[in-house]
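In what follows, chain A forms one complex with chain B and a second complex with chain C.
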Partner chain A sequence: MTAETAAQELLTVKDLRVSATRRESQDLHVVDGASFSIAPGERAALVGESGSGKSVTCFSVMGLLAQNLRVSGGSIRWRGNDLATAKREEIRRLRGPEIAMIYQEPLTSLNPLMTIGYQLKEAARRSKVGRREILEMLDRVGFADPRRIMGQRPHELSGGMRQRVMIAMALIGQPKLLLADEPTTALDVTIQSQVLKLMYDLSYEMGTAVLIVSHDLSVVRKLSDTIHVMYAGQVVESGPTDSVLSQPRHPYTRALLSSAPRLGDTRERLESIPGIVPTPDQWDAGCRFRSRCPLATERCAETPPVDVVADRSSACWHVDQLLAEQKEATPL
Partner chain B sequence: MGVLSVGTYIAGRLAQMIPTLLLIVTIVFFLVYVVGDPVGLMLGDNATPEQVAAMREAMGLNQPVFMQYLNYIGSVLTGDFGESYQYGQAALPIVLERLPATLTLAIGAILLALVIAIPLGVWSATHRGGVIDSVVSSISVLAKAMPNFWLGIMLILLFAVTLRWLPVSGAGSWAHLVLPVIALGTGTAAEITRLVRSSMIEILSQDYIRTAYGKGLRRRAVVYRHALLNAFVPVTSITILQFSTLIGGALVTEVVFSWPGLGQLLVNAVSQRDMALVQASVFVIAVMVLALSLISDLLFKAVDRRINLG
Partner chain C sequence: MSTSVQPPVQPAQTESPLLQIENLRKTFTVRSSLLGARRELVAVDSVNLSIPAGSTLGLVGESGSGKSTLANMVSGLLAPTQGQVLIEGNRVHDGRGRVSLRGDQGAQIVFQDPYSSLNPRMPVRRLLAEPLQVAPRVPRAEREQRVKELLDQVGLPESAMDKFPHEFSGGQRQRIVIARALARRPRLLVCDEPVSALDVSVQSQILNLLKDLQKELGLTYLFIGHGLESVGFMSDQLAVMYLGRIVEQGPAHQVLGRPVHPYTQALITSSEAVPFRDGGTVELQGEIPSPLNPPSGCVFRTRCPLATDICAEKRPELTPRESTRLAACHHR
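Here is the complex of A and B:
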């Protein structure tokens, strides 16, 4: 990232480290060296396997980490302010009107005893938005009878409806950034794309940037401008979605791609990545993917250099070999 | 749910109470029967066997127990619990006359308990592991372990006998109410504090609490609106349950403080084998407990629309 782009960035996360406090041993880093940035209106994606620290990264931006977790290093710059060192009250003021979030579990993310209307009003009040706008918003997220929905409680709505309420709640204040933590994982396959489309259409209309956390590459491919691949607490590769997915510069990205189904796929079996993501206590300074990487050599025990080429960055000792192998193989 | 179905629900619940009450009346009847009849006590040590026999016949106690039982149930169904031999008048009105005093004591104790328990429980839950949390936990274990009659005696010794701030016993003014309410409410306060704490800890880890923070709500709004509302259901159900056991505790407390309530009346009636009075007291207490459980169910319904009555 160059100096001139830095000025226009909305969010810049640099070398983020999140640690878990443990009672009887040293602190454990669950995110360790994550860097990426998001421009206004950009549609970005954070991808990677479970346990790579995607959700925790989102929650640290929101200042909503679980009690035993804390940001212990790096910076989270939001329009010039560092949220990693900001006071709690400062971050609280950003939530809603500036940064909003949609969560993985629509079924449990709404207060079961409060009406939808009440919960929406709470969010709207933060952004000084009135009842008329709330009804309008409910209409925009696809409720035929917004007035009726206002009086209902979460248990009266389906998962998809609740997630649409969550979208309305998140976007009511026209935030500058929307964090979406696997927003459709818990939903029926049939309505997943519908909900995603809604989320992206509304964000686009409002000029809201979106950072989606997902492990579904087919979703990311269609809906994101940029992609950040996370592995074991780090961002191992970043860049425009098309170029990253067509020509990965990190063996982990390549492995993720070959394990994901694609339209018109003729392979009989999907490849799986051998081994499992190392747990945080196994992380060291070297490349964390090396235990599962076909290209790994002794050199990989050293910290891989961050390789910046045009708008892409990646961290692998063996980029050249990776690119050479891709040339040989038939293009995807 | 409309007004009509709430009405139907209440009617159904009232109908269900009848067999329960019948069972309670039956159990108490046989318990009293086992304890023995009051004729000996009534006539004193100098009574001749003839006098005793005549008295027993007059009271219907010479009949087979089953006949006695049927006669008894028959009169209970008409609202007649018989006559208290001690007072020489119908038992039920005597009991009902004492009821307000007991209710005053019990309600006072519950209110005191809630006023103490809710803030303490919330504080402990939101400052888990802190100094105040530990102190509150220790005190609540202690408070729960103290028998209320012992606490009552200690309170009398300190505030009434030594400091002379409050009356030792009896009734008649607000000052008389203070010590018995504290004696009775302390254990309940401890119980409810622990419950509020554990409910709040569980609730505060829920996803919707994170959502509330995510909207940018202040901590106070999240804890006292979003979380406490959800704690209402478990806390109310325990509070009402506690109210029932509190009535039991009130019996002892009333004796310690000579509080002219149902408890004192019942203890006295048992020791005097005043069967009619015992029966009527137990019946009234049972009705009260059943009514409380109905009220609590209706309350939940009002707060938590997910609970489906019926």
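Here is the complex of A and C:
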């Protein structure tokens, strides 16, 4: 990326490395070389399996890493400041009015003893927002009777309603970026769709950028403009959601797509990716997908170059072969 | 009662169903508060289903639709309030709340979460040998051989025997759960969301394994899930549940290809990912009503785009459509 475009970005994560401190052995890198950026108002997705480092990447932007984790390399540039080296206090001031976050299980992120109103007011105080705006926000996230909700406690609400409360709480300060870590995984399909649409609409109306972390490609396809596929601590492919999902330029993305069953699938068997995601202590300099990749050759033991074509980028030695195979194969 | 008319010979692919569910109903008594009045919650109502030997019936529905209650009655974990479950012509329950089948006659169940369904203090050897100790017992000398055979069937190495659950990945644990379910050589496997806790690439491995085992061992599956894609992929027949009742059933490809019931239609639209920026919409507003306070008439009418007055007055019965299918709707 050139310096010129970098200036327009809201968030630019470059070569991010997050390490776990271990008592008896060397530090373990759980994110190792992740790069991506988000423009103002853009809806982006981080996709990957568990252990790929997508949630940790998200938490490091928020400055909410667990005690034994720390950013040990690379940069997280937020509107010109580097959050990787910023003081705790500086990042704390950003949380709420600039960057907000929602989590997978709203029940564990809401205080069960306090009313929704109390918790919303607590969130609003930081952004200096009053009761009237809180009621307006509750109305916008789809509550017919905001006053009543204010007096209720989390256990009185359904999962979908709790996630709406979380969204209201996150957006009350009109942040520039909303981080969402698997926000709909705990919800039913029909409710999932409602919550995603709400996030989409609010992001559109308020101009809030969204970074959604998910393992579910159908969720990502619905919501996000751009997609960053993570594997073993790195971003292996980035680009506009539609083009990445219709014509992947990394064998891992292709494998993810073909291993998921589709509606009306007539296949007798699903293609599956052999083996499991390598654990951080097995990561090396070469392509980390090579042990499971059908295209792998000896060359893959070397770090694959990042191949940038227009708005797409990917890191694979065998892109040409991959694309040739896709041309031959009939689209699914 | 165990002296049934069913001959004990192996009917490879006969017409007689392996599992038959007749007019099944389950109610629970609940109190709305500590001193509140007792009320009746109808979790499952008027369910009739049958599964031919060697095939798969998929059951889909949102949480709260009663699908897990149904699964628990089939596997003998819950006694029905009314109606009966027959496996190979034998009643699962004796009508007085007790299970009337021997350990090797009933269904076995594969649960959703392989992290909580395995005892963390037991090595795999004991986990898999335990079911063999229940009457009719497998002689001690033959147990070890059987455990090895089971591990081989689910694609785990013999060396797994002396390991503990925490030493395995999620997918491997689910293989152990499947092996344990197979230990008693059941003919019917109840799979209650067996892949929803797993990563996409691992999901396809487990789905393929279940398909292979079905062919190899002639198993019959009751496959429950909320993801239409994976349930559709696994199933020959499909039943859609809503608020304790079956609203549509028929051959899986027909139900998914040409849904009759508006709820089925909505589920399909929710999982077909049309991006919101391309006009993707939310098909279904609102949430599933509380089973404590179900709507009169058609249970789906509160969320149905086609609902009219008749839907509130009269409950639509499951009626035949296109000779192979059933659906319960006044308007379709």
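One rule holds in what follows: the second predicted complex is superposed on the first by the 323 of 332 C-alpha atoms of A that agree within 3 Å, B and C clash if a C-alpha of one lies under 4 Å from a C-alpha of the other, contacts with A are read in each partner's own complex, and residues count from 1 in each chain.
What we mean here is this: a contact is a pair of C-beta atoms (placed from the backbone, for glycine too) under 8 Å apart; a residue touches a chain by one contact, two chains touch by 3 or more.
Since the model is a prediction, treat every value here as computed from it, not as a measurement.
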{"item": "Partner chain(s) touched by A:Thr21 [first = chain B, second = chain C, both, neither]", "value": "neither"}
{"item": "Partner chain in contact with A:Arg153 - chain B first, chain C second, else both or neither", "value": "first"}
{"item": "Partner chain(s) touched by A:Arg92 [first = chain B, second = chain C, both, neither]", "value": "first"}
{"item": "Which superposed partner A:Ile273 touches (first chain B, second chain C, both, neither)", "value": "second"}
{"item": "Touched partner set for A:Tyr103, first chain B, second chain C, both or neither", "value": "first"}
{"item": "Chain B versus chain C as contact partner of A:Leu64, first or second or both or neither", "value": "first"}
{"item": "Touch count on chain A, higher of chain B and chain C", "value": "C"}
{"item": "Partner chain in contact with A:Pro112 - chain B first, chain C second, else both or neither", "value": "first"}
{"item": "Chain B partner contacts - residues on chain A that touch it in the complex", "value": "62, 64, 92-97, 100-101, 103, 105, 108-114, 122-123, 126, 153, 155, 166, 169"}
{"item": "Complex contacts: residues of chain B adjacent to chain A", "value": "206-208, 210-218, 221, 226, 229-230, 232, 303-306"}
{"item": "In the complex with chain A, residue positions of chain C that touch it", "value": "62-63, 169-172, 199-205, 207-208, 211, 226-230, 232-233, 253, 256-257, 266-268, 270-277, 280-285, 287-288"}
{"item": "Residue ranges of chain A touching chain C (in the complex, touch as defined)", "value": "49-50, 158, 160-161, 188-194, 196-197, 200-201, 215-219, 221-223, 225, 241-242, 255-256, 259-273, 276-277"}
